Structures are given as structure tokens and as C-alpha cells.
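For reference, chains read A, B, C and D in written order, and residue numbers begin at 1 within each chain.
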Amino acid sequence: MQTKKANKLTVSELFGKLLSQQIFIPIAALLLLAIFNLIADPSFYKITYGINSAGAPVLSGYLMTILDYGSELAILAVGMTLVTAASGGQDISVGATIAIAGSVILRVLCGTNSRPDTLQAPIIVAFLVACVVAMIFGAFNGVLVAYFKIQPMVATLILFTAGRSIAAWINNNELPIISDPVFSYFGGFIPGIPIPTPFFIAAAVVAVAALALKFTNLGLYTQAVGINESSSRLNGLNPAFIKFLSFVILGLCVAVAALIKVSRLSSINYSVIAKDIEMDAILAVALGGNALSGGKFNLTASIMGAYVIQFLTTTLYKFNVQSDALPAYKAVVVIFLVVISSSVVRDYLRNIGSKISKKGVA
Amino acid sequence: MQKKRKTLTDANLLLTITIVVFFLMYIGAILFQGKGFLKPQTFFNILNANAALLILSCGMSVVMITGGIDISVGGVTALVSMCCAVYLDYHNGNVLGAVAIALAIGLAFGIVQGFLVAYLDIQPFIVSLAGMFFARGMTTIVNTNPFNVANEEFVALKNVRIIIPGMGSLNKLGKYVNAYVEIGVIIAILVVIILFCVLKWTRLGRFFYAVGGNSQSALMLGINVKRTKFLSHLLCSLLAGIGGFVYFMHVGSGAASHAMGAEMNAIASSIIGGTMLTGGVGNIIGTFFGVLSLSTIQNIVSSAGLDQAWWTGITIAAMLCLFLVIQSVVMARKKK
Amino acid sequence: MKKLLVLLGIIVLCLLAVGYFGSVTPVENIAGMEDEVPGDGIVVGFSQLGAESDWRTANTESMKSTFSEEKGYEFLFDDAQQKQENQIKAIRNFILQEVDYIVLAPVTETGWDTVLQEAKDAGIPVIIVDRMVDVADNRLFTAWVGSDFELEGKKACEWLHAYTKLKSIPAENIHIVNIQGTIGASAQIGRTASLRRAAKDYGWDLLAEESGEYTQAKAREVMGSFLKQYDNINVVYCENDNEAFGAIEAIENAGKRVGKDIESGEIMIMSFDSTNAGLTDVLEGKIALNIECNPLHGPRVQSIIETLETGGTPDKQAYVEEDMFATDTSVTSITVNGFNYPVTKLTEAVLKERTY
Amino acid sequence: MKDKAVLEMKNIHKNFPGVRALQGVDFTLCEGEIHALMGENGAGKSTLIKVLTGVYGKDEGQIFIKGREDEILIKSPEEAQKAGISTVYQEITLCLNLTVAENMFIGRENNVYQNWEKMNTDTTKILKSLDIQAEATQELGSCSIAVQQMVAIARAVDMECKVLILDEPTSSLDEQEVEKLFKLMRDLRAKGVGIIFVTHFLDQVYEVCDKITVLRDGKLVGEYEINDLPRVKLVSKMLGKDLDEKTEESKKYRIYEKKSGAVPVIETEGLYSNGGIKPFDFNIYKGEVNGFTGLLGSGRSECVRAIFGADGILGGTMKKNGKTVKITKPIDAMKNGIGYLPEDRKVDGIIGDLSVRDNIIFALQVLRGFFKPFTKAEANKFADEYIKLLGIKTASANTPIKSLSGGNQQKCILARWLLTNPEYLILDEPTRGIDIGTKTEIQKLVLKLAGEGMSITFISSEIDEMLGTCSRLVVMRDRKVVGELSGEELSQSMIMSTIAGGEK
């Protein structure tokens, strides 16, 4: 809505232009947090180099924690962004589906014994099985949303309710433990590499996503369906299928995140694993400046958003905020974001801006 | 179409399904699980344990009828419990003060969330998601550790039992025990009745339906849509405050983990009770039976001695799925 | 119609996927659904607080195997998922179903008066296991079976005292962090109290205390933040094994080592419960000392019930026997309250013999 | 304010982003008159009404109501009702989930309590007096559309109003119901109520109205006494062509020379869809430009939607180059070389947040398939080519299409379909809401493409545009094909009389 006539950019226009750059929001938030930490306690950025018990070199420090835990969120953010863009809603069952996929991985690895000395199946097989299962559950959500036209949040409520129960069922409510150290590499460190593995996994997922966006029309189709379903249909797309597909892709992301999650513990706790992660994933998408009502998306911004959230979480931890109290602070951030990005407020600000600039001219 | 035909409307159809399912389930439980379910107290225990859920579900139904959703009610319940507990035990408060706190918390959430949803036009899910985050986080900030309230006045109130005359059963020793309900149940029933009347016989109640049915039409019919939306959220949060206090009276403790997932149970109850997610259709009586169905399932699962706790989650989800699909099919039929 | 079919197909696929894994080990048969004839066997209702740890699972398993159908029992189980309200609901259900005995593993100590009174009025004996209940009238429950948590804590502290004395490490150089259990649980109260007292008595440096909620994930989080706050930690007092696992992970991730040589910069882990996995870590030297907390309450409870069935009066309190395991053999026994407790050197053979 | 005027609107302006919907419109309604508000689609009738009833805020202008000295500000339908303006909107704006009685009374009273009994008896009385076949307690959604419309009318009439607005109330009513409505209107007129009546049915206008105000392109054309404005003149005023001018006589109709033995590119037989049209036959030959004409709502858009597979096909056959093809969804049509530029650019055409480039390549991209995306260079090449070819004014190919003006948006959509190189292109109102220059450009382009062998169906509300491009016109009325004109029949007067119903 900028007027081209004005030679000088008014403050409001400059502000608007900056705001219109989607990636601006997560970057600004990141900078804000970074500067805050720098002032509050520069030791936040300290990275120490050490040797862990397995004799492998590791880097540790707050930044590593962010890299480590932000990665699983980034993986989910990829899928969640697509679902949000295509369906204009969010999947609240990802935490529960992670429990299911994680449970499947352990089940395949452990076989009938919950404490096997050796793995009963190669890790890759377990992972692939988990992928298939997670995608089936994603498909279930997808069918409800795309073909039964149930609002995404409510459709996914079903798995949200049942997911952790199903996960417990899969392992007969036992808590299997994998003793093979190789399994713990995915959520920890690969010997010899001092950077947490989840970061590499996230990088791989992002790379795959980037390739998919480059070599297929996934991005274009998803955005088109999200922006204007009717027009997409008239141009030969099948909007229902695109929505369905986005949920299946999210299922795949969930399986990858589940691998990291169970690998961290070499075990699983059905009621706690990936708890509330769906909220963080949605927040990552929102923080990335993507409209939660669907349409245009920016994957990079979402991934940035994921790391920003982890940055925020870690910062809060550092200042001894209890983990249970974190949501209160996050809520404030969410409200701030949605209020800023709500059309009513933006129109209001724009009006004020134009009034000020009018006065300036007069 | 021109004929004057008494057809079962969609709303009534959904309600009927719910009621039938509930009775079938209860009769099935009596047949297969015997003596426990025959005793009236089993039924009243379901009420006692779910009075708070009933109140929350009523509020949820109102919001859903108006076309919104509020997932902060569980968090508000926990916050109310914790604040009241801290007030009673650490600040030597009295029960009246605690009630005031509960109402104030509900009101505050209602005003903020209602304003954001109705006047700033932000999606209700996101607003109430933040509300849930905030309430849960605040609960921990108020007090981290769970504790039982020892305040005598409160404990006395908590233990008040209202005897249901003419109902009772013999216990194991052969002694006749009267059936009873807790105060919370009375409050819940009152809420159900009042809300039923509000929805049926007041202007505001019908506005809820109109706005949920088609907010654009409602606007054209001369209804203040924004105010109606605002009031629906306000009412829901206020009921969450009341529900929170009832919950608190039932458990008698404050804990951050209280009412975990209550919002989802409330939504599920409303859906099972025939409230349409798309808004405009719903009935408090249905919600009442929705809550009963949901809690009866839980009771059956635990009474059956099924040692896996996850059975509850799976059965509830299956039921939810079934009802959602029924709704979707009803909607599809309507469009044709 | 087509849509319904697709949905149906997917549901079937989901069920198949789940069912396959669910059915590899036989799902506990759904007993008690039908022909529940009273008097057929002794009906025992067990309200377990949850399934948060290995110890808890072993505890549940012990109950299930003790009160099996073959032994003439009918066993009703309820998992309260860490909520007291669920336990109260379960007990009320048991009362209405007229079970013969109620076994309760309470999630917290307070808040049980009303419901236990109801059980008493209905003439159903209640046996408390594991954690204790705090009720005004002790007659509300028949007996308690469990561990002496304070004693467990004392044992651990005495061992640490003896060990450090042996290695002549000055008390002020012992920097302890305590990863507590779920706040309010008997075990947490007892174990924390003993540590606090010992730290005061012996002059140890107790740096910080925070709850790890008995879970691995939470403990790792807590330990992680401890490590960032304090760089001189050399003893970690974990109030159960799962917390110890979490703490070990956090320490290793931070590039430090766990072990008993605190002079050489290793961080010593002390733990409770002695589950199989916990003892494996003892064997590997990761956990320096593991105090047993015996979860096998089943047989004790059964003997109480048998006493009651024959009209006898059981003891109000029944402690289960508990051992202690260490990687180091320099301390062979310790003395608490005048009693002498031996320290077992853990070997493969010992580990194999254990049932949990 | 005139003495008898009950409502006066002065110099009303209303802008939407990119569209100037109302430009200085004046409108006066007197007591006891039925005043027709006429104009083609997009002329601004509905906008004017929505401004009056507070659905939209006005940008400029004043509204006066009888009984109040000052200008009145109406911010919401609620306030309009209070000011004595009651309205029946074009689309049914009732709540289908409520009962008939509630729809009659909701939002009208200030009581806290809702007295169902009184409401139901009152409603039954009203329903009976209007002879509406419905029960007060019935859910409105279970009534037929006609009944719903009657209920909306009953509600508006029942309110004690000074001004009654009826925006296309008759579109779903049968003759008897229309008669009832007219009787009602005459009764109200006798009571001194001012009625604004919007309709596309010319017969109805001449049956009940006293005055006619014509709008075109958001501007006032004029206010006329009914007797001063014969039917054909009214049509010409609405369409913006004065028949008195010499254009009438310029016999420059276009002729398409069909090669003997040629098979139609597209031929339909008895095709109909759930869009609500009667089965129709249609054909088009290679290089031909033909068109559907008729007033709004006559079914011309629905016909082409059926050909493109955009609505659910219920029956009929379709042949391409003599071979039967099955087209059930748009992608089928696209694969058969059909392109469709939809009527509603905003809802069905542009994908607002996407860039001009993505919008241009969209259809071709979909045809190419999921796994074969264009490289950025290819996409840019296509986009730049067409931006240049069609003279699309945009800052860059990266600009979101929604920030372009209407005409340029339309060119993008046109480019989208031209890129797919279709054998048969359907253009539904390609010139609506865009400036004159672009209109001419598009017409020229159509002729050029036809010359290159493309078959084109061109639909426009502006008859001279149709005459300038089409060699054959299919005339529609009431969702039926009522005639086909070609050769010498292609004249303004002939078309208008066919549309108006055979009279001169």
C-alpha cells in the first residue's frame, strides 16, 4: 500500500517495508534475543570443548543446546509449514505421533524383549517402518481434513487424544531400553564429530525439502491451494489431494523427529516424550511470519523461527525460569506476534501512519 | 419440499444419536460388569468426578455454537485451583475470597481472549492456545509444588455431601448407604439448567446460534456480531473459572498438572453431544450427555480391570472420530 | 461413499500397523469382563499411581504376578497416571464393585482421609504400598508395605561419609547437587531429608536441589542446567535410577566423566532403586552407589491378606528388605542407627540372579 | 430535502482497493413509491444498497432520512434497522440453522427473553397472511429456497419501516409468489412506504415500479419516470449505448466463413450441470469467435463452466473435433486444449499472494506435471515475454499479483491461458472492471488469436464489445438458450429485443 509518489520514505512506510519482508520477523527476534543475552551475560556464548565418556570430542554450551534441541523443532516446522500453508490450519497431533513413531522404532529394534542385548533389526529398517507408520497416521489426519472437510485442529484432536495411548499399546506399556551405543548417535554425538547429530539430521531434512521445492511443484501447488482453492481447482489442481499430501509429508517429518527423540533417551516415556512440541512447532511457523490461515509460506523463515524459539527457551532456562513456567513467557510472545500481525491492528497502524504522513505533507 | 413434513432436524438427529449411545453403553455396562453399575452411587460418582468437566464443556459448547473454540479452559482450571489453594493455605483466606478469585480469573481471561477474538479478529484457536500457555505457565509461577489444602473451612465445604433421598444401596457389610453428590454437582446442574435457558429463551442465546450459523447473515439481520462473539468467549472463560473452582472443590489441592487435557475432553464432550464444529448447531442437553458418555467410557474401562491405561485414550478418540465423521456426513448431505 | 471407504482403509491400515506390534507379545487378556461371580476368588483392587519409571513397572508386575488367577485371585488394576483424583475415583469404584481388598500406591501423602474412611465404612481393608499416607487416624488403613526411605537416604549418606573419609577428602570439598524426586512423594521427602541432615552434620557443600520428577528426560534437563551454573559439582545425588540415567547423559554430553574418583575430576553418581538397568550402570562404574529400593511388594501384601483371611492381625508396618550396591569395595559396611548394613560388591552373577 | 422524500443519498463515493465502486451517486426515494434501481452487474447497485444499510462505510457523501434534520450515520445493519430501513438482500441472509419464526424476529426486539409462543403465533399469522408454505417452528434450512426468500421478505415487510429495500428478491420465486410479492409491495406503497426494488427482470420493473434510477460503472446515469423510459431504451441506458446514435446503423457485423465439411472444435449436446442451467447445445469451429449473451443470471457463465468441467456435470455429451471426450474436472478440459478465463477474477482467477510470474505460468505448470517445474530462468522468460506482449504494467515479475490494477490482473490471467496455447479459449467477462484502453487491447488480441486459428468464446455484458468480436451470439434468458444470432441479425436492437423477450 505504499504510495509511489513520496520521494522520501516516511517512518511508517519504512517500518511497513521492513515488516513486509517475511524473514525480518524471525531475524529481528533472534537479534533481540542475542543482544539481550550479550548484555545480560556474555558467558551465554561460551562454547567449551571437551571429551565425553565415550571418549569422543564434543562441543558444549548454550549455543550447542540451541543447535541440538532447535533441530528437532526445525524438522517439524518444515512439515507444519506445509500443512499450515495448504490447509490453513495446524496439526496438533505431532507430539502424539512422535510418541507413536518412536514407539515403533523401539518396538522394531527390541523385538519381543524390552531389554535386548543386541538390536533385533537394523536401525534403518526400524526407521523406515516408523516412517511408514507415521505417514499412515498423517494420511488419517489428511483424509479427515481434505476429504471430510473437518477443521485441521479438530481432526487432529483425535490422534492428539489417542496417540500416546497407541504408542503405549505398541510396546505393551513397557519402557524398552536400547543399549547399543550406535543408536544414541542420532540424538547425541557421532564419535569424532563434536557437533550434535540432530543438527546434521535437520540439515539433511532441510536439504531434502529444499530439493523437493526446487525439483517439484510442491511449493507452488501448496501455496496456490492455500491462497485460493477455487482458482487452483479451475487451473487443474486437486486441492483436496494437495492438502492430504501435506499431512503425509508432515508424517515423514514426525518420524525423523521421533528418531532423534527416542535416540536421545535410548528409551521412551509415552506421556512425556515430545510433550507440547506441537505448540512450539506451530509457534515456529507463526514466528517465521507465515500466515496461520494458510497461503504463502517461507520455509527458511519457519526454520529460523524454530531456532529462535529454542533460543528463547534456552535463554529462559539460563535465567532459571522453571521449565513448567516457560509457556507463560511464550504465550506473551505469541500474543504479541498475532496482535501485531492481525489485519485490524495493521490497518489501524497504517491509518495512523498515513495520517502522520499526510500531516507532514500539509 | 412444500409438504408440511415433520423431519428430524440435523441438530435433533445428532442429539438423539448421543443419548442412544449413552444409554446403550450404560445398559451394556450393567449387563456385562454387573453389580457396580447397578448401584446408583456409581452414576453419581461419575457426576461427582466430572462436575467440573461438565461446566467446562457447557462453556465450550457456547463458544463452539458461536463458531469459535477455546482451548484455554483446562489451563484456567489449573490456575484457579492453584491460586485458590495458595490463597487459602498460605494467606489464610476464606472460601468466599477464593470464589471471588476464581471468578476474577475467569473474567480476566474472558475479557482478554474475547477482545482479541472478536474485535481484533484473530483466530480463536491461536488466542486460546496462548491463553492455555499463559495459564499453565502462571500456575507454576504461582506455586511449583502440588499440595493439598488444609484450610478447615474449605475442607468442610469439600466434604459436604448432599444425600439423594430414596436412593442408595447396600454395601459390602450389608449396611444401607445413601447415594450422595458433592456441591460441585449441584453447581454443575445449575449451570446446565441456566445455560439451557439462556440458549433457548434469551435473545443473547439465540444470537449465539445465529452468529455461529452464518455470521454474515447475522450481521445483516441486525445482530452485533462482534459483541456476541466477545460475550461467548467471556461466558466460556467465566464458566472455566467456575468450573475451576468446582474442580478445586473436588480434588482439594493445587497442582500445575491439574486438569491436564481437560480442554480436549471438553471439546470431545461437546462434539459427542452434537455440537457442530462449524457452529450454529448444539445443545446443552447434548453436551450433558456427551460428558456422561465420555466419563462412562472411562469408568467402564477402569472397572473392566483393563490394566492398560491407554484403553481410555483410544476409546475416547475412536468415539470422537465416529462422531466427527457423522457430523461431516450430515453436513455433506445438507449441502446436497 | 468413496471418502468413507478411503477413511476406512486408512483406519484398517492404522489398526494393522498398531495391531501387529501390539500382538507380538500377548496383550493381557481382558479378564473380568464377564462371569464376575463374587466369592469366586479373592478380589483385589490395586490403584497404582502411574508407570513413570522402571521401578514402578516392576512394582506393578510384582502385584500382577502375585495376585494371578491361578493363585485364586481376581485382580483389578487402575493406572492413575499420576493424578490423585484418578486414584480416589478408582478407590470409589473398587468400593462400589465390592472388592475384598484395596491396595493403594498413593501418589501423594495427604488428602486421603475421606476416601479411606469410605473404604473403612464399607468394610474393605486398605493396604498401602510404597509411599506412606498422612491421615489423621491411622486406623483408616490396615497395613503399610514399603521401604524406609529415610533409612535409604541415611545409608547413602553414611556410605559417602565413609568413602570420602577413607579417601581423606575434606568435607568442604564435597560439592553435591540433589536431583529430587516428585515433590511430595514419600521417597523424595525421606531421601532429601537424610541428605540435608547429613550435609549439615558432615559439613558437605550442598549446592542445589531441584526436582527431576523421577524421569530421565527431566533429570537430564535439570542436570544440564546445574552443570552450567556450577562447575565444581563432584557428587550427584539422584533420587531414583531414571534420574541417574538422565544425569549421566547430561554430564557426558557436557564432556565430563562420571565415576567414583572425584579427586581426579570425575563426577560421582549416587542413586536409589537398584533396577536392572541401574545396576548395569553400577557394574560399568557409572553409578558409584545404588541403594536398593525393593519394588517386589506383591508377596508381602499377599502375606498380609492371608493373615487377614485367617482372622489374624498383620503388622502395621512391613519394611521390605533392601540391599546396597557399590562399584568400590573399600567400604564394606556401614552403620546406621546402630544397625550394620553390608555393602554388596556387584558382579555379573549377582545381577543375573535378580528378578527386576 | 424534498417534501415527499423519505430517503435522500447525495454524492455517495465508495472505493474498494483497485475499484471505484461508486462515484458521486445521488438517489432520492419518495414516500409511497416503488423505485427500481437498474444497472448491469458491477454497476454499483448492491454497493449502493450496502452503503445505505451500513454493511460498508461510505468514503464520501451524505444520507438523509425523513424525520431527521441532520445527516444520518449508519454504521451497521443494526443501526439501519433502527433508522427504519429494512432490507432483503440479494443472497439470502438468514440463518439456516434457526427456525422460521426466529429468522422473522431475531435482532429486532430488545427483550432479554425470547417469547417462543408469541413469536410462533405471530409468525404463523404472518405466514398465513402471505400464504407461505412453512411452519413457524420449522428449521429454515429445511425449507425450499423460495420459501426462504419469502421469509426474508416477510421479515423485512413486517418491520415497521419507512424504507424497504428489495435487492433481487424474485430470482428464486415462481410466478405466483412474485404476484404475492407485488401485491404486498403495492399495499405498502399505499401505506406510504418507499420501496427500492432491484431486479434483472424487466417485466417486473414495468409491472410495479413508478420510477427508475439507472447506474452504470458506479455512476448515476439518470432518474426516470417509468412512462418516459420504454423498455429498449432502458436496456440501452443500462448497457451504455444510446440507440439513437448512428452505431445502430453501422452494419459492421462480423462473419465467420465456415469451411465446408469442417467439424466443430467443440460441440456439446444436451450438456447441463449442477450450476442450474437447462441442457444446451453449442458448437464452435476453428478460428471462430462466438459468444454467450444475456443479462446477468441468465446462465451464460454456467454454460461455459459446464464446458470447462468447473461445475458438476449432470448429463450430456461433448465432442472435440468430432470425438467424444469426457470432461469432469478442469484438468480434463485443460488436457483437451481448453482454456477458461473465469468471470470472477478475484475469487476464481488470480492467486493473490503469488507473484505475477507464478500466476502467468500457473496453468502451463500444472499441465506439465508435478515433477517438472520450470526453472527460474524458464519461468522468467515466459513471464517477461507475456508481460511485454500484453503490455502488463507491473514493477517486476516478482510483484504479488494482488497489488496490480484490475486490468493488469486480467492480462496476467489471459497470459496464463495463452501460454498453454489452447485450441479453444473461453473468456468470461474479460473486460469487466478494467479501463477502456485495456478493453480495446483485449478485443484486438481476441481477433488476432482467432485469425491464428484459435477458437474463442467471448462473453461480455457490453454488447458493442460482443458485436466487435463475435460472429455468432448465443442468447440466453432464464438459464435457457433462447436464440442464436449471426450475420445480419447481429445488431444492437436485435440483441436487445431478444434479451428483453422478443418485443421491440
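Everything below uses one rule, namely that contacts are C-beta pairs under 8 Å (C-beta built on N, C-alpha and C of every residue); 3 or more make two chains touch, one makes a residue touch a chain.
The shown structure was predicted, so the numbers you read here are calculated from the model rather than taken from an experiment.
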{"item": "Third chains touching both chain C and chain A", "value": "B"}
{"item": "Pair of chains joined by the greatest number of C-beta pairs in contact", "value": "A-B"}
{"item": "Chain whose Cα centroid lies at the greatest distance from that of chain C", "value": "D"}
{"item": "Cα-centroid distance, chain B relative to chain D, in whole angstrom", "value": "47"}
{"item": "Where chain A and chain D are represented by their mean Cα positions, the distance between them in whole Å", "value": "45"}
{"item": "Chain centre separation (chain B, chain C; CA means) in Å", "value": "35"}
{"item": "Gap in Å, rounded to a whole number, between the CA centres of chain B and chain A", "value": "31"}
{"item": "Multi-partner residues of chain C (each touching 2 or more other chains)", "value": "7, 27, 51, 81"}
{"item": "Multi-partner residues of chain A (at least 2 other chains)", "value": "144, 148, 166, 169, 173"}
{"item": "Shared interface positions of chain D, touching two or more other chains", "value": "none"}
{"item": "Pairs of chains in contact (touch as defined earlier), listed by label", "value": "A-B, A-C, A-D, B-C, B-D"}
{"item": "Residues of chain A that touch chain B when the two form their complex", "value": "90, 144, 148-151, 153-155, 157-166, 168-169, 173, 270, 279, 282, 286, 292-293, 322, 324-332, 334-335, 338-339, 342-345"}
{"item": "Touching residues on chain C, where the partner in the complex is chain B", "value": "4, 7, 27-28, 30-34, 36, 38, 51, 64, 74-79, 81-85, 89-90, 92-93, 95-98, 108, 110-111, 114, 121-124, 183-184"}
{"item": "Chain A-touching residues of chain D, taken from the complex the two chains share", "value": "308, 310, 329-331, 334, 340, 342, 347-354, 358, 362-363, 365-367, 369-373, 416"}
{"item": "In the complex, chain C residues that touch chain A", "value": "3, 6-7, 10-11, 13-14, 17-18, 21-22, 24-25, 27, 51-52, 54, 57, 81, 215-218, 221, 224-225, 228, 248-249, 251-258, 276-277, 280, 286"}
{"item": "List of chain A residues in touch with chain C within their complex", "value": "48-54, 57-58, 60, 62, 65, 103-104, 107, 111-112, 115, 132-133, 136-137, 139-140, 143-144, 147-148, 166, 169-175, 177, 179, 188-189, 264-265, 267, 269, 271-273, 317-318, 320, 323"}
